[in-house]
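First chain A sits with chain B, and in the next complex the same chain sits with chain C.
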Partner chain A sequence: MMRFVLAMLVALFAGSFGALAQDQEPLHITITDGVIEPLPFAIAGFIPETPDAADVAAQLTQVVSSDLSGTGLFREIPKSAYIQNIAKFDTPVNYSDWQAINAQALVVGSVAMSGGKVVVKFRLFDVFSGQQMGEGQQLAASPGSWRRLAHKVSDVIYSRITGEGPYFDSRVVFVSESGPKNARQKRLAVMDYDGANVTYLTDASTIVLAPRFSRDGTRVLYTTFETGFPRIKMLDVATASARLLPDVPGTMTFAPRFSPDGKKVVYSLEQNGNTDLWMMDIASGQTQRLTTSPSIETSPSFSPDGSRIVFESDRSGTQQLYIMSTGGGDATRISFGDGRYSTPVWSPRGDMIAFTKQNSGRFHIGVMRTDGSEERLLTSSFLDEGPTWSPNGRVIMFTRETPGAQGEAALYSVDISGRNLKKVPTPGPASDPAWSPLLP
Partner chain B sequence: MNFATKAALAVAILGLAACSNPDKYGSGATGPGGTLGPGGAGINQGGINDPNSPAYFSQTIGDMVHFSVDQSTLSDTARGILTQQASWLVSHPTYTAIIEGHADEQGTRDYNLALGARRANAAQEFLISQGVAGNRLRTVSYGKERPLAICSTEECYAKNRRAVTVISQSAAGS
Partner chain C sequence: MNRADKIGYGVSGALHAGVILWAVVGGSWFQPKPSEPTVISQVAVMSEQDFNTMMASAPKDAPQPKPDQQAPTAPATPDATTPPETPAPDAQATSEPTPKALPDPAPQPDTQPDVSALTEPPAPTDVAEAPPVMAPPVEVPSETLAPVISPRPKPKDVPRVAPEAAPAPPPEAKVSEQAEPQETPDAEAKPDQVVEKPKEAAAPPEATTEIVTEATKTDDKPESSAPLSSPRPANKPKPPAPAPAKTETAAAKPAAPTAPARTDNSAVNDALAAALGGEGTGGNGQAAVGPPITAGEKDALIVDVKQCWNVGALSSDALRTTVTLSVNMRPDGHPDIGSIKLVGSSGGTGAAVDQAFEAGKRAIVRCGADGFPLPADKYERWKTIEIDFNPDKMRMK
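Moving on to the complex of A and B:
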């Protein structure tokens, strides 16, 4: 089992990140170009234990397989290669049969309909060490939530093998786009992390931008032009009801984010052409100005402990990243490379900042440590922007837009290793993703 | 202004009209941009040769000024246009204006909103310096959300880096 875990750690983080698990050396971010062989796994089941569970069992198997394979860290062995037929949940595993097809991990599961609920049981086996990994688990949910059950199963498997936090059982709020480039229609929408279960939260009657979840996932802040001017609105996800936050007439407010405790909003306020950062207490509406520079200060993001804010400013002449205390005051510049840095977002693990970088006519998504060291660019295209972190801080989703009159925006995700870049399925063009925390 | 530019302007302004801004400036009878809005092109507003018409303001004088990459400084050309805009606004006191700031697509969303606001403010301050009462003017930034030209070359970007003075009649006007 130890060999198995180590193999996965290496696969995940190509040595440098793996070092973190073994000692207290600081993160060392380097681009690795080694080809990582995904870990082969098999799913024997999920076996339907009641006749009415056959369909959901097949669907759930598909989602678990898709979750794991979609990470790029795992590769499912086709069922046609299986030697042992595990017909029941308690059938003993014949390890040699699974070793013969080089399945390193084996999932055995079952699904039953019981008392109006979908009940899932599963076990994870380390095939080459010939033992079960962790306890078997049983989860239950209403039939309409079978996808969440699948994601929770995948999360347990992923976490046990990688040692990383879970992230599949999460949602993404984003802007759904349609129409021509000079009259783009935009609607807020929310979906599962993998693009399933899309729900629209606003209509297309006005421009909406850059939604952001509260840490408990119940509320979303976004920018709307519904008054004719950019204003910040706060939406309750469950009811889709929303209210404008108070503002000062004659100003624009935008780029909001919740504080980690959900009680405050940090945002940009523009007055007389100058954009600064402000904080608002949601309950009282009281505001506090955090910056007073004549330059542009925007795209603020809290550290996970709420003590600091990372933001972008062009006070040096070009857009760069700065960190200041949540109360405002002096800020420390952390970006010093070539080009312009923007849209910094603090990792939920607290260890890194993701950002957008413009350099030599290209856009990149990158990560750096919170002191600005060990910068690494993960992507490159005509227009990549606006990273958002998965709940476990290991995957980044962002907007990629193609050039020209027919250019369209789409959502993409990439590992912080720079691997596994892929398009996230959405019903049409989409932009401005924001990842929710892990669902409760 | 050649035909292609006018066509692009019409498309863009109709696009703005379609996005339904229920503020007092954006939903007047003349519609945003005067002649090209829902009020109908030139039907009852006078043509581009009638110095009292919104069409004269938007087309003969020109309702927009352009900026360099990542800049909000007014060029001599921009100052010339804004000087004429200010003169027209001073002599047509029933009109108010929203100055829209815009950016090209080579920037992030938040920054471009702030940059567009800088541009709109630069135009507004110049109009005020030329005698237009500040309470007749307001600014808004669309960032990179409403480009005029949709290609992804400098030729289009230059058209999109703009401040547009969108006039409308005050409530009692006609």
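Moving on to the complex of A and C:
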């Protein structure tokens, strides 16, 4: 009994004392609003380790800086603000010096010429965490490929910080235009994603349209008028040699696109005033009709897994977007907004579809989910059309044409968030861009 | 005698003992209270004849009460036809305007009758020295609060003719006899000039006016961490009965092989441990850790953290990922950087969680460098903070 009474007394006193002694629950808050601003970063420089690497080091630093800043996601801190001078690649990073100038990421690299190659080493640091992000990397390439080397470095940095896939080391094929609008000359050209290293693939003797890269980036399909009628031609990028794909006499073929495995081509075929989608096996030349509607079906684009095709059709009375199986059959309409939808392109990530939309006298580039939901218009202009996805599915490039008799076409790019709309530098007027996959 | 019989006899004995006890002492303890005495009034019965005789001898008209005898009742509602009497201004108040009469006359114009016809309206520029024409407050019913138009002050005399002549107006523009060629922006504008127009080249204006999600976002009201309702006060502590009962039960069964008898110390320790390990039922603990963090203090912390949470460089997958970070705080309001850890995530996996975690960690480190605005006297309340970084409103859809 005494034990019971004693325990009762102890419990009564300890009951209130216990709550005081126990650990407090953590203070819990929820942050739902942040800021969207470019992440400040610093490049301590790609330090030349050999005397003959000084020029390459400077150029490489400039390209890396341009790549990162050009995304709109990063902002380079000017070198004049740097406190710590990193003179060697292995110099320890004094994080407080970089925190003081609000650098959140720091790149330290070096360049050396070794065995006839450019060798680049670099490290990436998270300044405020005070630690290195990932392991340091070393890349080597021939001196003539130093730009690709710079893009590779940028890709690594970009991916480590953002978590997105890389896309700087890629190319874009487009139609380079020249001459007056009523006598425009067009030829195929290919360039780095940032407009550098332009190479012309065809001459200006005939009109070419709508080039499309194969998944491996070695071939290009495009529409040519060299026979007087639109026909599909396949070009080998390395050799610039091209051949016409077989077709049926009396028909027009256009709007081609490779299947993900590169073995087939889906395209539009016009016959007796009716345009339908067809599929061709490149090796055998065998064709398969995918649609039989009396309306116009065109601009097909494969899903990344090759199981479905998105295309535009006016079977409902206006141009709308539809999705069907690669083997043909019933199609499901996915666009229901006001206006007309055209030139759909499936995202490399498979989650979205980019398109051109015409509504109320304006053209827009937009994106939507593959079921048609969450449609968002990214641009608005007199004439925007022909979107193409970057290899990581984060950026869209398209054609923007200015009005008037002297209006010109130019290439623009925009982040899929709608930010960072900018003109892509080209030697002259340009249209119909098609982004290559990431280069090997 | 088995156990059931024992219980039966015990219950029966207890009941009988209770009845006997009630019979012995209950009579005095439970005596009913005496009821209040009934007041008896003596009445007399009056016949109808007597009543008629009494009524006939009564006067025809009863005397009406005098008007001044009705004064104690509620004052009559003043209206347009019968304004209430306004007490005469006090002589002392007229000569010495007191601060009590001048301030805030707002309620008084509604309650006093229009005296503009009886008194001179004050000059508009000399309000402070105006005679206190305001009558003392008059008790009137609330329905008399209809607005009364106050007398308009007289404007100051101003010269109606300007001392100097106004300058002559500029001559009217003449219509040119020759028509100028109409500008055609499309034909003459250079392409570079067109594309360099800020409206054309700037992404955000074009994007923000068209993107549905951003248009929707503008309708969103800023979220506040303030609670929707005030927290209920903590319940009164419950007596820690379970622990002693458990001890008693264990002690009452010494024969049980798996529950050996416990010493006094073990029983006490059990009770103490039960109390310490409880869910706070023994008290609210506010005496030692101070009052709870207020909504305002929470909001201040949220504002401080969110301005450093930069999601601009996050991948679209990371923008679909909510992460919960835990950080230990130092008493001076600075976070212990090494203690920042991921305690939960949803909506993403792998690299996306890592990216979201790094962005959250960066926010804590950056904005915590100067210390968070937290009350030092409530350190026990915020010595550990868990932060959900939820990019729902920030992500790209």
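Quick note on the criterion: the second predicted complex is superposed on the first by the 405 of 440 C-alpha atoms of A that agree within 3 Å, B and C clash if a C-alpha of one lies under 4 Å from a C-alpha of the other, contacts with A are read in each partner's own complex, and residues count from 1 in each chain.
Note that a residue touches a chain if its C-beta (ideal position, glycine included) is under 8 Å from a C-beta of that chain, and two chains touch if they have at least 3 such contacts.
This one's a predicted model, so the numbers in the text were calculated from it and none came from an experiment.
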| item | value |
| --- | --- |
| Touching partner for A:G273 - first (chain B), second (chain C), both, neither | first |
| Touch count on chain A, higher of chain B and chain C | C |
| Partner chain(s) touched by A:A255 [first = chain B, second = chain C, both, neither] | first |
| Contacts of A:F128 with chain B and chain C, given as first, second, both or neither | second |
| First, second, both or neither for A:R289, with chain B first and chain C second | neither |
| Which of chain B and chain C A:K88 touches, first, second, both or neither | neither |
| Which superposed partner A:D432 touches (first chain B, second chain C, both, neither) | first |
| Interface residues of chain A shared between complexes with chain B and chain C | 403-405, 407 |
| Of chain C, residues touching chain A in the complex | 184-187, 189-191, 194-195, 200-204, 206-214, 222-223, 225, 237-241, 243-244, 247-248, 251, 264, 267-268, 270-272, 274-278, 280-285, 287-289, 293, 298, 301-302, 305-318, 326, 337, 351-352, 354-355, 358, 360-363, 365-366, 369, 380-394, 396-397 |
| Touching residues (chain side chain A, partner chain C) in the complex | 2-4, 6-8, 10-12, 14-22, 24, 26-39, 73-74, 99, 104, 126, 128-130, 161-164, 364, 374-381, 394, 400, 402-408, 410, 414-423, 429 |
| List of chain B residues in touch with chain A within their complex | 8, 11-12, 14-16, 18-23, 25-26, 72, 98, 105-111, 113-115, 117-118, 120-122, 124-125, 138-142, 145-152 |
| Chain A residues within the chain B interface of the complex | 180-185, 205-207, 209-210, 223, 225-230, 250, 252, 254-255, 268, 270, 272-275, 296, 298-299, 312, 314, 319, 342-343, 356, 358, 382-383, 385-386, 401, 403-405, 407, 432 |
